[in-house]
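Notes to accompany the following structure.
Naming follows writing order (A, B, C and D), and every chain is counted from residue 1.
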Amino acid sequence: MISMRNVSKVYGADKPALGDVNVEIEQGEFVFLVGHSGSGKSTFIRLLQRELLPSSGTIIVAGQDLTKMKNWKVPFLRRNIGCVFQDFKLLPNKTTYENVAFALEVIGRSKHVIRTQVPEVLRLVGLEDKINSYPDELSGGEQQRVSIARAFVNRPPLLLADEPTGNLDPATSLGIMSLFSRINKTGTTVLVATHDREMVDSMRKRVIALENGVVIRDQDRGVYGYGD
Amino acid sequence: MAINLGYFLKESVVSFRRNWVMSLGAVITIYLSLLLVGASVGSSMIVSQVVRSVEEKVSIRVFLKDGAAPADVDSLQAALVADARVKNVKYTSKEQALKDFGATMVESPELVDALEVNPLPASLDVDLKTPQDVNAVVAMIKANPTFLKVADRPDKPEKSLKYGQQIVNQLFAFTRVLRAVGAVFIIMLAIISLIFINNTIRLAIYARRKEIGIMRLVGASNWFIRTPFLLEGTLQSLLGALLALLTLGSIQWFVMPKVRETISFLPVTLSAGAAAQISAILILSGVVIGLGGSAFALRRYLKV
Amino acid sequence: MAINLGYFLKESVVSFRRNWVMSLGAVITIYLSLLLVGASVGSSMIVSQVVRSVEEKVSIRVFLKDGAAPADVDSLQAALVADARVKNVKYTSKEQALKDFGATMVESPELVDALEVNPLPASLDVDLKTPQDVNAVVAMIKANPTFLKVADRPDKPEKSLKYGQQIVNQLFAFTRVLRAVGAVFIIMLAIISLIFINNTIRLAIYARRKEIGIMRLVGASNWFIRTPFLLEGTLQSLLGALLALLTLGSIQWFVMPKVRETISFLPVTLSAGAAAQISAILILSGVVIGLGGSAFALRRYLKV
Amino acid sequence: MISMRNVSKVYGADKPALGDVNVEIEQGEFVFLVGHSGSGKSTFIRLLQRELLPSSGTIIVAGQDLTKMKNWKVPFLRRNIGCVFQDFKLLPNKTTYENVAFALEVIGRSKHVIRTQVPEVLRLVGLEDKINSYPDELSGGEQQRVSIARAFVNRPPLLLADEPTGNLDPATSLGIMSLFSRINKTGTTVLVATHDREMVDSMRKRVIALENGVVIRDQDRGVYGYGD
């Protein structure tokens, strides 16, 4: 599903945010991406979405080489990737419902489909009460859950989540994680960047650890694993 | 991909309402810009009509000597009528000339009565199709051999032609400048309006660039993002153009009659046809500007 | 609280650079608005000068009967000169009148030569300070008892006064409309410009309302937030005004001489004084608009 | 230091975000505010900052009744409250340095003070490398740390922190928490809204738990305490 070969990303003239990363992720895997703040997790995810192009190396997602991809094809790639953004990236002028519906409208789903699927997904993340609220009328955790709902409402084959439980209490986090787990069981590849040690340790999935932009550990059934 | 026009229409109307600060700004700008341009085009049409009516008074008078052979006069008249630039030629006899002169001297008619012989010559009065041709036609007449035969003072041909040389040249210089200034002003105004509108639309879209970025990240294709913005821009422009039309219409219906009353001696009317033309131009340019401006402003933020 | 002007200046300049899309938009809008207003004020000054120069040609001629007593004539002249509305009064003798008349009849001087007696009357030519007073002064003359004694045709006093009644009324009607249209146009343009500028500044500040909210949450007082915005607005306006001045200046220096050459018979000059006045107005209104517009637009977002 | 009496906050016509809250916090205390997503923690903090006015009840902070406070006095209140916002609220057109310096400029500190204190504080939160980066050039956790740095750079007597470690890895979180602890030891009152169970459980400070806008537990030396 995902194949990164010798990928580096340098933002300024600084030290690279990612340096020579080699990662292969098979279809249907569930992978945690861990690492200190600023170690390059978000950069990793933004590369997979082709929000960024790598400075060097090749990235292949779903059989397509992102570095050679035509601009007009990018939206089609992104429709097959659900993404939970670290800063939510909700449309400020749309309500909860409309924000989630947007992901379906983009791929041309009928009104009927939208009207049944959106409330269903919002119920799954516990936002059935907040359907008509605008993002700035939602609490931090509620905004995060809207972002999560939007990411998987169109059942994409690949789900990327950047810190999806940073603003959620442990109980809600657990609910979200088991949701990801269920989604993963239907064949969706899931990649979660997280700091939630409890979660990683309890789920025992594959863990990729970054440190200063370099992969320092890639472990099946791993743990969060910083001894502090 | 099914183009869901309904979706886009709803989307742009909703966005218009939710971003009303920006939308209102754009509508006001477009309204006022088109109002300015429309009013200027209308005024310049009226002015150019007034100018033409003044220019039309330019004509050439050929003075004939007292004993000129009627056949020669007829042949000269025929030659003039045959010229493509000449509208018509009228013969004025000596007697008529004196009568006309007396009429202009209302304050001292004694002057005419005091004359013992009629010193005024007969003349041919030449009206032109295009007043600006006056110098060319004068040259043509001077070159005409019959003219020399019948001219009042063949020794000084230019004395036998009266066409208000100086006044005519001044008038044309003035109307030329007037037209040039008018054209420059309208073009300037049109360009400035375009810049204003483009500016406003650009600012409005700049303020929503984050939104556009998010849409792109969620997988919306460029046309999917663009369409509601374009529709919204067109909506704004149409609204602005409509408001401008309404304002100009009420000027035409309520203000112009008053002006016409005050200066009834000048033809300050705008025909219904011209008004319709201006309306069409306004609506059209409104749509083009709205669409074009939005499309142009969006380009920057639609690079994937 | 120490007002750190250096801090605010730095702050506004930096912000000007970092928000250059918005800043540029504002500068362009202010530039073009002031350019329009400045050009219109300048043009209307020129037009009004031209109009005045035409109006100035309006004068009243009082025809005197051949045997009028010099004392009466003198007394009438003195009465006229004493009137506050009269600029000066000139006496024209019969001989002078005939000579002047001959000079206007260049094409048919025979007419004058053919005269045996001089039919032209002597006259008093009255120039007015304000041409529009012509009707009032004419009424005053008619009511003057000496006038009836010296008038050329005491039976019909109005025939003894020449002031181009009809032309004068038309001319004044026309110049009145011209002035009104000019004034309305400039006021409209000024208002529209104000709206444009306010609009642009409002959009620019609207786009930064989140920033303002954050500053307030961090404990910045209103004046601390406002000052850099106001300075920035003033900076933008000054820049716009300066650009407008430069443009108008180059028109005054490079374009106007050309125009003057073409229509040298009309006084189409803008005096240095008037130009300086326009400059001052532009700069001042630039600053006022920038400051006022920003302050006004900020109010909404500065409620704690 | 803080005294809330019968405080309610209703946003729309909905059920209240906070209902009849009574809380007293003494000067120098260290308090955790916990609760599920949407339980009213951020609302609680925004009331203390007078970002919001309560629908009913009185709030007294540092001896001043916020509900009766004149508008022009609000900035002076806020300068005595350092606040870490859940969504960071960094000024997008200012660099890391400038964002932190802004909190000092606001209270009229001299250039000299700013030039010594800002780098010092940025070093404390581990951002000495990112001094000239703009917020959108920072990772989520880095932005959060800028917000933290800004909150205490002017040594306010009251420090409010809304989810200050949501985007930070456990190691960095620990560093930030011990920083808060040190700040608290100098006499500063600290109120932290958080979901970080590990942190709350290990620090054993006073814990106020909210549930649907109601205080359900107020416990000295408490724990996070949801049994899931």
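Methods note: contacts are C-beta pairs under 8 Å (C-beta built on N, C-alpha and C of every residue); 3 or more make two chains touch, one makes a residue touch a chain.
If you're wondering where the values come from, they're calculated on a predicted model, not measured in any experiment.
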| item | value |
| --- | --- |
| For chain B paired with chain C, centre-to-centre distance based on mean C-alpha positions, whole Å | 24 |
| For chain A paired with chain C, centre-to-centre distance based on mean C-alpha positions, whole Å | 68 |
| Separation of chain A from chain D, taking each centre as the mean of its C-alpha atoms, in whole Å | 28 |
| Touch-based graph of the chains, sorted into line, ring, star, complete or other | ring |
| Pairs of chains, among all present, that meet the touch criterion | A-B, A-D, B-C, C-D |
| Residues of chain C that touch chain B when the two form their complex | 21-22, 25, 28-29, 32, 35-36, 43, 63, 107-108, 110-111, 114-117, 119-121, 159, 162, 170, 173-174, 176-177, 181, 189, 192, 195-196, 199-200, 202-204, 206-207, 259, 262-263, 265-266 |
| Residues of chain A that touch chain D when the two form their complex | 11-12, 34-38, 41-42, 86-87, 137, 139-142, 144-145, 162-163, 166-174, 195, 197-198, 224, 226, 228 |
| Residue ranges of chain D in contact with chain C within the complex | 49-51, 71-72, 74-79, 81, 83, 85, 89-93, 102-103, 105-108, 150 |
| Interfacial residue positions of chain B with respect to chain A in the complex | 1-2, 4, 7, 15, 18-19, 211, 214-222, 224, 303-304 |
